[in-house]
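Both complexes shown next keep chain A, but they swap its partner, so chain B is in the first and chain C is in the second.
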Partner chain A sequence: MRRLFVLVSLLLTLIVLAEKPIKIGAILPLSDITGRQAANAMKLAVKEINDAGGVLGRPIELIVMDDEMKPEKGAAAVDKLATVDKVDFFVGGMSSSVHLAQIPILKKYKKITVWIGAASYKCEEAVGADSDWYFHLHPWDYLQGESYAIGWKAITEKYPQVKIEKIFLAYEEGAFGTSSFKSYQDEFELAKQGTGVWTGLMKDLKGGPFKSAALGGGDYRAMLLQAKQYDPDLFIWAGYDADAIPMLSQAKEIGFSPKLFVGAPPGWPADFGKNPLSNGVVLYGMWAPALKDVSAIAKHFWDAYVQEFNEEPATYFAPLGYTNIYFLIEAIKKAGSIDDKAVIQALREIEYESPVGGVLKISPSRIIKNQGFRAQKILQWQNGVQHVIWPFEYATANLIYPFPGWSTK
Partner chain B sequence: MKRIFNLYTFFLLLLVVVALVRPYAFFYGLQRGSLYSLIALPLALILGIVGLLNLAHGDFLTLGLYIGYILFNQFKFDPILSMIFIAPILFVIGLAVYKSTIEKVLKSHHLNLLLITFGVSITLVELINSLWTSRPRNVYVTYATKSISLFGISIGAYEFLYVAASIAVLLVIMLVLKKTRFGQAAFAVGQNPRGAAIVGINVKLVYTITFSLATAMMAVSASLMMPRVSIFPNLGGPFTMKSFCLTAMAGLGNLPGILLSGITLGIAEAIVQSIPGYSGWSDLVFFGVLILVIAFRANRGAER
Partner chain C sequence: MKTLSIIAVLALAIILPFIADIYLIHVVSTIMIFMCLALSWDMMLRTGQLSFGTAGFFGLGAYAAIIAVDDFNVNPVMSIFVGAVFAALTSFGLGIAVLKLREMYFAITTLALTSVFTVLARNLSDLTGGAAGKILFNAIFDGDPKKTYWLILSFTIVVIVLSEIFERTRVKYAISSIRNDELVAKSSGINIFKYLLIVFVITSAIQGAAGAIYAQQYAFVEPDSTFSANFLLLPIAMALVGGIYSTIGPIVGALVLGFTSEYLKLLMPYGHLIIYGIIIVLTVIFLRKGVYGTIMEKIRSK
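Now for the complex of A and B:
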């Protein structure tokens, strides 16, 4: 009888241990569409994994915290997840400034962190070279800049009529816009010396600042007139989603129609594609809804997300959030345990076909050892749909060139 | 009188010089400055009569824009015509906000009044954020991007509506204040609320109607701006700041001065923006001109 009691107790303990969930703590800005949809996508991935029996015989528990886009809230969320919820892994992320406040706290706990946000090189500097536990999936800002040049070079080779020699960068006056312009200036200096990724492409560069509508501005006409006088081959604006339509309206009003009209905001306004002004606008991004037509995993993600949440993914943070969970779980599966060393090793070895479009594989960047994606994609709005133009292996449409102008809009 | 005439002559001459040297800056500044004035006039009315600095002023504008957006999106209402629906809705919202919050603290310290309107502002922004998210919305009508040729240069035609509307709204307010019983009562209350109450004016009612009407007046700027701006929850904040600046620059109770101040600041802003590489200085110039004018006026007052 006593033996039976011990055996039953042992079995029960084993069952409880086996059922103990693997805890993942996610920190995202939930009031912003990027964070909300990334959180939804993470929940979707966890649901799929748990429905399929979990990982290592254990279910996954996702605990989502809202950083409210505030550095102090983001840093406090790390502490809370580590000490109160006692999570095993950290995921999530969006804003660089929030992440800068989180990095010292993350370093304190040294839990495996797989981050999908924070593109600023300053975050990479803050993380440092010796943080083996830190994995960064979003391309750093300088990697993005390099990938655009690689993309445009490929496009000019495929479409010989496309010329990108004179570039006008309209940038919002804040940190985001000015650092964008600074990186273009640096690349231009390198190109003049015959080095750097823009060599052979960028022969002249001009910049024009503007006050973003998001920060109380919204009158771009003086800047657009300067751009019109310059007559660039490629006009690119680095601002926010609130600038998108007014910028196009005012360009139409003054009759400014460059051969390539490129927008590089972090997100686009609601129903941008439905606005006739959007047709032919080129953009940079990690993902486009049209990818579901050329990628099975992208289609699976799209259908599952729409079915689960009754809304369409509208930002690349949705497939990136989904990737965030699956990439980590695949590594745990490969490692066979949640032991730090084994999981870190597995994360460095696995290859994951992502709904973002492309295979995710870890390689070193300038400072850190564990960088995921390295490139953005060149996309174009065509008749209300965001199409992939480059990389060509994921292309869903050919480039409309030159920009169609305003006569029919 | 002579001094005012000289001031206006100087102002007109300045405008002519700017128009000749930098025609684009002149027209853009005129349009933008008129919009600032159009938005500032209701704030000045509330400040002058109720004695309340409404920090939620710009948020009522945002609310008006969202109402217009729904009317356009769901019922295909023309943005400008939607003014006739936005105005009564804003009137009711203004009335409700005034009765439920502001009226309760109207007799307390000025700081409490500021705090309560600040609270109303935060509530409105968060409410809008939870209803429509932070994602910008847009209303597109082709006529809002048409251009006309003026003195050989191509200028957007739509924003001249701001100029016409700001003059029209100013004239209507002045006419109502001078020619109607309510206007005269409101004027008296603005001058001396105690005295007005003694002669039998219902001060409470005047305050309520003034606040609600001023809120409803935001429908004019909301419907005109709608096809030209992105609509998002924090849109109104900077306009509250600019409206207050214009009111401060014009002086309390000087409604025509708001139009002149708006155009002056709008043109100053547009001139700076038109200088390549210096557009970032426009805010500095905006507030610099404001400080100079207030300092000049204060100095002149002290001399008297």
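Now for the complex of A and C:
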């Protein structure tokens, strides 16, 4: 009788332990579309995993905290998830400045963190080389810059008619634009010395500042006239979504039609593709909805997201959020436990085909040991749809070159 | 009774790290930083001058502290004094020029100062790290939340005492008379410019020290977030919700809005900011004297 009692107690304990959820704490800006859709995508991934029986026989519990895009709120969220909710892992992320405030606190807990936001190289410096527990999936800003050069080089090889020697960078005069221009200037200096990724591509560089419409500006004519006079092979503007349509309208007004018209805002206006001026505009991004036509996992993600939330994913943070959860869970599966050492080892070894487009594999970056994606994609608006032009293995259309200009718009 | 209550609150505040979890300590630390900003904004308002320079001096102090530690190996605690002194000296120089302005002209000029500081921080790259900002590899006290809390608590007590000095000494009569009627104040022999300058320098020093502590707590500065309008608008909202022209008003406002914001978020992860905004608007519309002012009015009328 006593033996039976012990056996039953042991069994019950095992059942309770087996059903104890693995807790994942996500920190995202929920009032912003990037954070909201990333949170949705994470919930979708957790639902799929739990419906399939969870991982290691345990369900996954996702606890989402809003960082409100404020550093102090993002930092407090780390403390709350670690000490009140007692999560096993941290995921999420978007803004670099919020992350800078979180890093000293993450370092205190040293829990495995798989981060999808924060591109600033300052975050990498703050994390440091010794943080084995830290995994960063979003490409750092300098990796993005390098990937554009690699992409344009590949494009000039595939399309011999494409020539990129003179580059004009129009940049908004705030932090985002000025730092973009600074990094192009640095790359140009390296290219002049015959080193750096832009060597052979960037033979001349000129910049022109503008006040973004998002910050009370919106008149780009003087800068566009300067660019027109310079006659660049590649015109690129680094501003915000509010600049996209007025920039094109004013370029049309003054008859400025460069061979490549590239926009590099962090986000595009809703329905930008429906505007006829958008046709032929090139952009950089990690993902495009058209990927669902060439990637099975991207199609699965798209369909499941639309079915679950009755809206289309509109930002790359949606497939990135989905990737965030699956990548971690695949590693836990491989590790066979949630022991830190085993999971870290597994995260470094696994390869995950992501709906973002590409296989996610960890490799070192300049400082940290665990960097995920290393490149952005070169995309182009074609008849209202964002198409992938490069990398060619994920291309959904050929490049329209030169930029079609304004006569038919 | 009043003294006993103050001692009890102070004792509770001191022992909080022993009885509360780290999350609550973090939330209270943030509330105290904003409380100090709200008090300093209100102290300036008591002179009749509406200042929009809170975020500017906050950012200035933050940058001064981080640069002091990173470039000049100053002790992190000492760097807070550096932040305060730097903000005070800057405000003294600027105050000589801008304190001749009144009402909206003064308000807009102080707002413009924040923009000027931001542009400088973004462009003096060698010193400030430019658009990417500057980081420290260790937060103050190696990120120990309890020690950081006590540091912020000590600073908050100093600010409350300063505010009370403004309320209880002859400074109060001077600045109140400036606010009510400058002509009468001048004819009473009050040196208006001197008092305005003193208050402007002291409140800017408080804002600079608050920025320095915040920067040391999170070990970074970055132009957009360090000079964020959040460090101007939220303290104003706290003072308005609690009640202006007093010490207790901004304290009450900071506690009400600080806890409401954090716990609304836990109740409703989505949409909590809308409710939070509505609470602020309704309080300002229907409680014109703020929460504290309205309660006191009700008590007095009974």
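Going forward, the second predicted complex is superposed on the first by the 406 of 409 C-alpha atoms of A that agree within 3 Å, B and C clash if a C-alpha of one lies under 4 Å from a C-alpha of the other, contacts with A are read in each partner's own complex, and residues count from 1 in each chain.
Keep this in mind: a contact is a pair of C-beta atoms (placed from the backbone, for glycine too) under 8 Å apart; a residue touches a chain by one contact, two chains touch by 3 or more.
Owing to the predicted nature of the structure, the values given are computational and were not obtained by experimental measurement.
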Room on chain A for both chain B and chain C (clash or fit): fit
Partner chain(s) touched by A:Glu349 [first = chain B, second = chain C, both, neither]: neither
Partner chain(s) touched by A:Val84 [first = chain B, second = chain C, both, neither]: second
Touching partner for A:Asn275 - first (chain B), second (chain C), both, neither: first
Partner chain in contact with A:Ser249 - chain B first, chain C second, else both or neither: first
Chain B versus chain C as contact partner of A:Glu19, first or second or both or neither: neither
Partner chain in contact with A:Asp303 - chain B first, chain C second, else both or neither: neither
Spatial angle chain C-chain A-chain B, Cα centroids [nearest 10 degrees]: 50
Touching partner for A:Ser31 - first (chain B), second (chain C), both, neither: both
Closest Cα approach, chain C to chain B, once both complexes are overlaid on chain A (Å): 5
Those residues of chain A which chain B touches in one complex and chain C touches in the other: 31
Residues of chain B touching chain A in the complex: 24-25, 28, 32, 129, 133-138, 140, 142, 144-147, 154, 156, 158, 227-230, 232, 234-235, 237-239, 241, 270, 273-274, 276-277, 279-280, 282-283
Contacting residues of chain C [partner chain A, same complex]: 21-23, 26-27, 30, 33, 122-123, 125, 129-133, 135, 137-139, 143, 145, 214, 218-220, 222-225, 228, 230, 262, 265, 269-270, 272-273
Complex contacts: residues of chain A adjacent to chain B: 31-33, 173, 208-211, 213-216, 218-219, 221-223, 225-226, 241-246, 249-250, 252-255, 267, 269-272, 275-277, 406, 409
Contacting residues of chain A [partner chain C, same complex]: 30-31, 36, 64-66, 68, 70-73, 75-76, 79-80, 82-84, 96-98, 100-101, 103-105, 107-108, 120-122, 125-126, 128, 174-176, 178-179, 182
